[in-house]
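So, here's a batch of structures to check.
Across the two complexes that follow, subunit A remains constant while its partner is subunit B and subsequently subunit C.
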Partner chain A sequence: MMIPLLKVELFKLFRESKTWYAIAAVLLIEGIILTAAYYQGATILELLLDNLRQSFYFEGNLLNGNLLLYIILNSLWFNLPLILMIVSSALITEEYKNGTLKTLMLQAVSKWQLITAKYITSFIFTALILALLMLTTCILAYSIFGSGDLVVYLGTLNFFPAEEAFKRICLAFASGLLSMLFFTTVSLTLGILLKEPAKTWIASAFFLILCSLLLKADFGVPAVERFFFPKLTNAWQHFFEYDLDLNSILMDNLLLAGYTVFFALIGIYLFTKKDIG
Partner chain B sequence: MIKYLSLIAVLCCVLNVSAQEIDADLIAIKERMDAVNAFTADLELDLDAPFINMPTKHASMQYQKGKDIKFSSDDFVVLPKRGLDFALSELFEHPFITVNRGEESLHGILVKVLNVIPTGDESDMALATLYLDTHNQRIAASEITTKKQGTYKLDMRYAANQDILPNYVEVSFAIEKLKIPLNFMGSDTKIDRKTLRNMDTKTGKIKLQISNYKID
Partner chain C sequence: MLQATDLNKSYKSGKALHNFSIQLKSGVIAGLLGRNGAGKTTLFKILCGLVTPDHGTLAIASKRAKPIGAVIEQPGLYSYLTAYENLKIFAQIQKAPADLKSVEGYLESVGLPLNRKDPVRNFSMGMKQRLGIAIALLNDPEILILDEPFSGLDPTGVASLIKLIKELAAQDIAILLSSHLMTELQKCCDYLYVIDGGILVNEGETNTLLDGLISVYTLTATNIQACAVLQPYLLTTEKNTVSITCSSEQIPAILQNVLEEGFAVTSCVPNITLEQLVIPLAK
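Entry: the complex of A and B
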């Protein structure tokens, strides 16, 4: 039963014009970031290497596809989840708004199956957008700027050889996907709670802003710093620490996946308990 | 009579000093280096700086007498501006005098310590201290204070007694604190102001393993 439901949900999602607007927006943002990153990247490198320039010659090019991919990854903090949250929450809020949920419920479909299908559809959409983003960025960044060593500042200046950099970027995209899935799941749960599209978008944007503020806040309590979900949404960044602590990264990602499932279960519970209409 | 003798003695001293302005051992080393017309070699570079993490890098170098050393690499490499002037051409580019500071033990060998002081304003070098392995006629170490680029310490090791070109060079340099643009930092990267303040100037090292010399 779940497969036909999923097919229907995916069909509906890709029939929506706002889905294509979202995809276009993501690609446009990617283009803008790539252009800005090229000019910004040159200035950043100039500043980063200024101290070393006095004593050293540099051989090789750091303004390359890998640096641009890293800068694109940094855009995952805010731009991408906001767009994905709007599209994902619409999976349920549009049904409330148009009154189509009642019609759906007339079919031989259980409420938990329907809402689970919507969560899975949101997962698939998020994964597809991330894959599209990564693929197009890789093609554009490497074809225009070529490959090369990556320099990243995370407390120290970390240099990675091109192959190592690409491996870490792929892992960071995978970890970034978990972060995006967390935000889209929360937006769908908010959609179930608030029902109205505009209210859900505002609540989703507020949640995203709050997470980004809490991520930077220093609570001074180790347990909060380690396990509070806003602190985990940036786990992908740890792939650019020079010495990889894979156990810690795995723990962060598992915890974030756990929070995602938790928010999805809340949404499924609320949906099954609520009256339609 | 005493006045004349004194004048002759002073003149002799002055002439003697001007004749020994450049140390004979240094000239001998320079002449030995000048016999090398060109060479190529492979480099393995390890950067050891307090706030920079860089894996071991590889490059190749090409030297031709009278020309700047050329480097090439498939990687992004950081190469010291000073320390690879084995021909001492920078040193001999502008007039200077040497002052013998005696002998010291360095890495188990007795070395002659020379101060090199430029006599004109053209040189970027303010003062250099050279540690000469007079027995094997080569430079064992040096400390160069420049007018614009701080102080560099160079430590050279050789594979064999007769070698004139080193197989290992360690360049120590002072490095100022990093200036990090905020928009390049990760969202959860914290600025530890205390650490940054304490990082005003640190010493970094670049270690070069040089192999596969092909000397002309």
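Entry: the complex of A and C
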């Protein structure tokens, strides 16, 4: 029963105009960043590295495809999760709004299967968007700017050779996917709770901002710093620290995956217990 | 087929349903009559399993995957999809036949055209109701529940929907439909339940229930206001139309006398208000 439900959910998702608006928004942001980098990137980079050039000699072009990929990757902080959360929560809130959820529940379909199919659809959509973002950026950034070493500022300037940089960017995208899945899962669960699209968008945006603020906050309690979910949403960023602690990143990702499953289970439980109507 | 006993449901705003019992039988069209907010939709949601009652029992004698098909409030359709696509996806999710021939069969069964390729947001309310019914009938339910199916329909749409409902009942489907409009239910229901404030206030076979209560009839004929036979019964007069007060037993004789006086009566419509049906048991 799950496969037909999944097929139908994906069919509906890609027939909705808002899905294509979301995809267009993601690609437009990517295009704007690349265009800005093409015209102004070199000047900005010169300003940033001006002091260092007096002490060091830089070989090759630092405004390259890897740097652009890293910049695009930073859209995982806010704009990408926000767009994904809006689309994901609409999977349920639009059904409530248009009365189609009632029609669905009047068919021979179980509640838990329907809502699980919606969570899986949201996962698939999130993965597809991230893959599309990475693929289009790779094609455009490497064809326009070429490859080269990556310079990243994370408290200190870290330099990575081109091959190493690409490997880390790929891993960061994979880790970033888990972070995006976490946010989209929360938004779908919020949709089940709040039912109305506008309320759910506001709550999702609030949740995203709150996570960003809590990520920066210092709680002074080691357990909170290690296990509280806002502290795990930036695991992808750790791939650009010079000394790579793979075990720590893996643990962060596993914990975040656990939180994602937890929020999904809460959503499934609430949906199956709540009356429709 | 379906037996609901002593159903109760309360919301924060108050009691929506109080000890309500109802029975549906194969091939019988039952009507649920009540004002807006009387508890009709709550009852339907409980019967369809969308809402859990606080108390009461619901027994459905069916072994089918989908015993009840329903359209509750407005038909919930994907407005950006065509009628064909709507039917196809609702069929697919419950593993009902979803091939081209089957879906076209569903469309034809409710009298929808096969050549409409535009999204259902362009459809008239009547067509949306029909599509909603086609979706409700997927997977061959034995019971069909329709909530206010006539609202928003023009007279042609109402007549056509009544014809469809009667055809479905002839296929041994138990049908329950609600309305706050007496005339429509009167035209197609075999049995009537009257609900008010969440309470069952009256019930019975349509003819028996209404015949005992009808006391006003509207007669239409050319210059009928001049008819001498009708003068003792006259309530209101308009051009070519009069309302008279009499019992259902008197009406055949009165009509006979009117015809003998030379007035060709073209219609005789019994008038009954919802209030008349609510009052008897409530008293």
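Note that the second predicted complex is superposed on the first by the 267 of 277 C-alpha atoms of A that agree within 3 Å, B and C clash if a C-alpha of one lies under 4 Å from a C-alpha of the other, contacts with A are read in each partner's own complex, and residues count from 1 in each chain.
Here is the rule we go by: contacts are C-beta pairs under 8 Å (C-beta built on N, C-alpha and C of every residue); 3 or more make two chains touch, one makes a residue touch a chain.
This structure is a prediction, so every number in the text was calculated from the model and none was measured.
Chemist: Is A:G148 touching anything from subunit B or subunit C once the two structures are fitted on A? First, second, both or neither.
Modeler: A:G148: touches subunit B, not subunit C.
Chemist: Considering only the touch criterion stated at the top, classify A:A172 as touching first (subunit B), second (subunit C), both, or neither.
Modeler: neither
Chemist: Have a look at where A:R15 lands relative to subunit B and subunit C in the superposition and call it first, second, both or neither.
Modeler: second
Chemist: Using the touch definition from the top, say if A:G99 reaches subunit B (first), subunit C (second), both or neither.
Modeler: After superposition on chain A, A:G99 lies in contact with subunit C alone.
Chemist: Have a look at where A:L63 lands relative to subunit B and subunit C in the superposition and call it first, second, both or neither.
Modeler: Touch status of A:L63: no partner.
Chemist: Who does A:L5 touch here: subunit B (first), subunit C (second), both, or neither?
Modeler: Once the two structures are laid over each other on A, A:L5 reaches subunit C alone.
Chemist: Which partner does A:K216 reach: the first (subunit B), the second (subunit C), both, or neither?
Modeler: first
Chemist: Which holds for A:Q237: it touches subunit B only (first), subunit C only (second), both, or neither?
Modeler: In the superposition, A:Q237 contacts subunit B only.
Chemist: In this superposed model, does subunit C or subunit B come into contact with more residues of subunit A?
Modeler: Counted on subunit A, the partner with more touching residues turns out to be B.
Chemist: With both complexes superposed on chain A, which partner does A:I276 reach: first (subunit B), second (subunit C), both or neither?
Modeler: In the superposition, A:I276 touches subunit C alone.
Chemist: Along subunit A, where are the residues that touch subunit C in the complex?
Modeler: Touch list, subunit A to subunit C: 1, 4-5, 7-8, 11-12, 15-17, 98-109, 114, 275-277.
Chemist: In the complex of these two chains, what residues of subunit B are touching subunit A?
Modeler: 51-55, 59, 71-82, 148-150, 152, 173, 175-181, 183-190, 192, 206
Chemist: Can you list the subunit C residues touching subunit A in their complex?
Modeler: That would be residues 41, 45, 48-52, 65-66, 68-81, 85, 89-90, 92-95, 132, 135-136, 138-139 of subunit C.
Chemist: Quick one: in the complex, what on subunit A touches subunit B?
Modeler: These residues of subunit A touch subunit B: 40, 43-44, 47-48, 50-52, 54-62, 74, 77, 148-149, 151, 153-161, 164, 212, 215-216, 218, 231, 234, 237, 240, 242.
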